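For reference, the structures are reproduced in the following blocks.
In what comes next, chain A is part of two complexes: it sits with chain B in the first one and with chain C in the second one.
Up next, the complex of A and B:
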């Protein structure tokens, strides 16, 4: 049961082969068994999940046939959940109980889903390995000695290990796509503005976007249908109609123009990933897609520009954690300055502090033009590269990450960690939709193919990913931990 | 970046960098800034800064109260509150 996709589970629920309570209980059992090793969940909501599942079963008995009714899911712990702990992976929010639900949480609840719990993540979504979490590192289900990627590492591990059939994530510089690549699942980041950010704890507001972690592109389409849309509470959410994502999944790739930025593959791509990506592209070509070499001349500037824009926005966003209104407060502050400074110094971890310092520096008097303005100008160049490329191609395809998951502790140097996101960051700077789909294995570890679309090309990207999953079965190869646990069940 | 600059930036950000970690923090930030400095090699004369991927402008709405009054509920989240106020250490000497 844990190996089924949302689409398959929905059919099983619909024909009455299983109930949502049975499915939810199976997920909770599996979390109980595998989470001690994986540490994918920070909070598990057993009681409320079973109550929601029972309610879904009652609704179904009365004829309710919504596709996500009774399907369990996990939310990244960056989404506010009313009266349920929301930590953002940080000590500073360790005991925070939000007084409201994020729009994404509310919409998925209204779609009939069952919330299993909240997943582990890099602190404030700042990281590419899930190692910066105050609640400990997460194991990759394919090899628990390795990282699941980040920052949505807990969500990716939970879906890959069969703890949950689907999960939410957020992606500021690759935080959905890179962990999806490392864990062998499908991770979708929509266009900036497609999904509401209300109630999603802010990291870098001009880059943050909510998305999905699932076992197939068809599942991502189902989740996106429930999540997307204008939200008056988020002034940056976009007022344009939501396409029928599931309905757009039937179009073959014959004649599809796929841009391939080959010049960028060369640097630091591991041999197995390089071979696998070329094989994946050849697969699309065999199905009738037309591969066109393209150049994204400013792509190499995306990491430097991002590490000004994102920390600058983070330094402003995280100024709200002051020990006064909510969250952690230090013991016996001597005065107000001491309260602010000690609360923040004790409450934030090293990586978060580093980024606040870099951002504060970049925005400080005398440096603003040289750093922040400069990065914004380069951001324009990076976006323009994509606009130019999409004049001659429909989608762009390439690797999600330069290599497969690395061992815990392997990347202690921050700059080395930042370069992990070399293939994903430009997409956030440009605000485009992107997906990572499993495309092969190197030494037993999965890696993903990234497919990037033009502004609001969600339906297009999801369909191309779905078509790729009709041609290949990489997305069906589950990690060994999942397979082993499976033999102990019926 | 010099250690004195780190102190200034840390003060602006209300963070404390202890003397024991000052060298490490300064070195790490220095490496990050060196990576960022790759930007300076690019001529961006005449390029408009991009603040938002869609160049969107702030959507306006009528200035009407739409939220319910949840003062007590929100105040209860504070580490310390009294008489409907947030409590902090004394800021004015008598």
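Up next, the complex of A and C:
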């Protein structure tokens, strides 16, 4: 039953076929069996999960019919959870117990969900393979020798492997969409400001956005309904009404104008992905969508602009990890300088240090104009390109990632790793909603189609993704590990 | 040849909001260490700032009060440096788009003249916490109660030419923020802190190299620190040396400035716009509303006092230096109907009492109503000016009213012609020699005789009547 979608599970719970406790116990069992190999979870909360499940069952017995009531979920370990370890994939927060809940955590709890635990991630969300985690690499459920993508790799692997029917993630440059593509699931990043960042540990504040990892777009709609909304504690969250996402899922794509930025994915795509994306677009066209070639002239500048802006913000955001108030502190520091130097040298991994150095450099006197200011100018141009494009199309579609999941250790060169996000980064720079939906397989490994919408076009994007999933069944093709586990149970 | 000093001040004023600049924590002074620090103040991962609207309005109030441009699109920036009492590892401040732009302040100099000093800008920022080195052996304590307290940093143009001008500017600033009720301006508690940029040059020459004196915490020390620094720079230059651009600390015990250690001086703060806060849009409506709520400011009040009450510019200046003093004076003046007497009593007797007891006017032991009553009794000749001083002292000591004191102690002035005549006759009889001297033309003896009569009446006789009657009797 763990391979059912949230929508299906909700119906099963509602008609009394299963209880939340049974469902939660099944997830915990599966985590017990599969997590040693996948390493998708950093923390598992067995006791509290069963207690929450029992409470959900009691509420349901009293007539509570909220769609997410009693549904298990996993939180990326970037969201603060009161009195539950929150590591952000880093040694420096290895023993950190937040005294508060993130807004996302609070809202999903209030929606009746059951928290199974906290998922593995690239350290401070910096990475595209989940290999920078202090808590070890994560296996891709389709091939544990390969990466699940990152930085929300643990959440993606957990959902793909049926350890949890849904999970939260965060996306700064593709960290939800790329792992969703690699793991064959649905990953949705809303518009910047749609979901509160309060309690979500900051990587790059102007780009970070919380989102969902699920097995269908319809499930993403259910999660988003609970997560979205203005939060007075986050000054960058937006004050505009939350649409009825589930209610907007019925509109066929007939007449939908789909922008295709062909020049951008013509090069660098693996042959299988290229064929698959064209096939997916053709599928939409057959259903009545109108494909329109568009140009995003500054799109090729998105990776360099991103790798100035994001590290610059990160260099300041990570200054608070100084060994003074919480988190890792080096042994017997000789003086203040030594405390800072050793705490941070020992507490942060290589990729985090690299980005702090890059960001510090980009903001330094004499370099600010050449790097940070210029990158912000490019960012405005990139956003303007999208605004112009959305004058003639409703959504934009293309690949999520240039290829399928690669083996662990295959990308040792940091710059090669940075190019992983070449199709996703511009969406963050422009602050737009984007989703990755499974669109095919290459040599047994899944890849995703990315659908991008205009500002706050969450309902539109979710519906187009849902419609695609009505036309295709890629999202229903489970990885073998999950299927085997299922068989083993029966 | 003469040297000319060129001085600019950077003054940090702590805004008197109830809560911090970006969190809801209380800003009350004197709580136990770290009891006023919430998860944002502690820079817990995942926490975010929310701008305190009251702090913003206070900053705009200040801007309007000094006729400054208000930044319609004001931006917060992160100023990066590591220090244990700076929890986030950056201070949220403002760089290119401060809330208050160019304005000016008129200062009053001791010779009675005025001078207009340019204000370059004023921006909002959060304060740091405190490092406590004394309480722990080999360790440093961190108290984050102050971390995040709103500050307004007010930067002057280098228009000041002496330590005295700098102090006059600081005093005017102090007066303005108190009139506006945006800060208590208490330098001893750190609510107002001053950094001074000092250089010297030959008159008419280009600006010299400046030094910055950090964190001077009283008007007197500002004057002494600047004077020391001017002399030091003169000595260096006259010995053929060069001024090093550096940050110096004033040591009030040794009355000197010394360079800060290199480590205490950060160089590159790597400012960039704070991505956790949106730009602050300050609309015409808000500005209009705040402008309409501005109180009468010291300069305007001074002009009004001179015109309305006929006070000298000097008296008007003294009485309007603080809002509380001006309010007190107006209450006395209106209560007694004689502004000049009121001005005199407030600026001489009351001021002396407050100085002696080291009290603020807000804590004056003599209420404005009582002082007005007292002056009324002088005006209606119930008591003399001299007796009034005795009554004033007693007002300061207890709860009794003016009339109660006069009646209980029998201090009512003797104005009865018959009584005074008896007194005068007795004085002439008892001081026959002096009376004769006066008759012989030694006019100054009269004062002695009046004094004797007053003494005999225990001060209660009306001195003018005594004087007149004595003169009449001796000359007849």
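Simple rule for what comes next: the second predicted complex is superposed on the first by the 489 of 490 C-alpha atoms of A that agree within 3 Å, B and C clash if a C-alpha of one lies under 4 Å from a C-alpha of the other, contacts with A are read in each partner's own complex, and residues count from 1 in each chain.
Throughout what follows, contacts are C-beta pairs under 8 Å (C-beta built on N, C-alpha and C of every residue); 3 or more make two chains touch, one makes a residue touch a chain.
Just so you know, these numbers come straight off a predicted model, no measurement behind them.
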Quick check for you: in the superposed arrangement, does A:232 touch first (chain B), second (chain C), both or neither? both
Chain B versus chain C as contact partner of A:375, first or second or both or neither: first
Chain A residues in contact: does chain B have more, or chain C? B
Have a look at where A:342 lands relative to chain B and chain C in the superposition and call it first, second, both or neither. first
In the overlay, answer first, second, both or neither for which of chain B and chain C A:61 touches. neither
Mind working out whether A:80 is in touch with chain B, chain C, both or neither, as first, second, both or neither? second
Just checking: does A:88 make contact with chain B only, chain C only, both, or neither of them? Give me first, second, both or neither. second
Looking at A:99 after the superposition, I want to know if it touches chain B, chain C, both of them or none. Which is it: first, second, both, neither? both
Tell me the contact category for A:364 with respect to chain B and chain C: first, second, both or neither. both
Should A:415 be classified as contacting the first partner (chain B), the second (chain C), both, or neither? first
Both partners, chain B and chain C, contact chain A at residues 96, 99, 206, 232, 235-236, 315, 319, 322, 324-326, 336, 340, 360, 364
Show me the residue ranges of chain A that touch chain C in the complex, using the header's touch definition. 79-80, 86, 88, 93, 96, 98-100, 102, 197-202, 204-206, 232-236, 312-313, 315-316, 318-320, 322, 324-326, 336, 340, 360, 363-365, 368, 372
Flag every residue of chain A that touches chain B in the complex, lowest number first. 96-97, 99, 192-193, 206, 232, 235-236, 238-239, 298, 300-301, 303-305, 307-308, 315, 319, 322-329, 333-342, 344-345, 348, 353-354, 356-358, 360-362, 364, 370-371, 373-381, 383, 413-415, 418, 429-432, 455
List of chain B residues in touch with chain A within their complex: 1, 5-6, 8-10, 12-17, 25, 28-29, 31-33, 35-40, 42, 44, 47-54, 56, 58-59, 61, 70, 73-74, 77-80, 86, 88-91
Residue numbers of chain C touching chain A in their complex, please. 39, 42-51, 78, 80, 82, 84, 87-90, 140, 142, 267-268, 270-272, 275-278
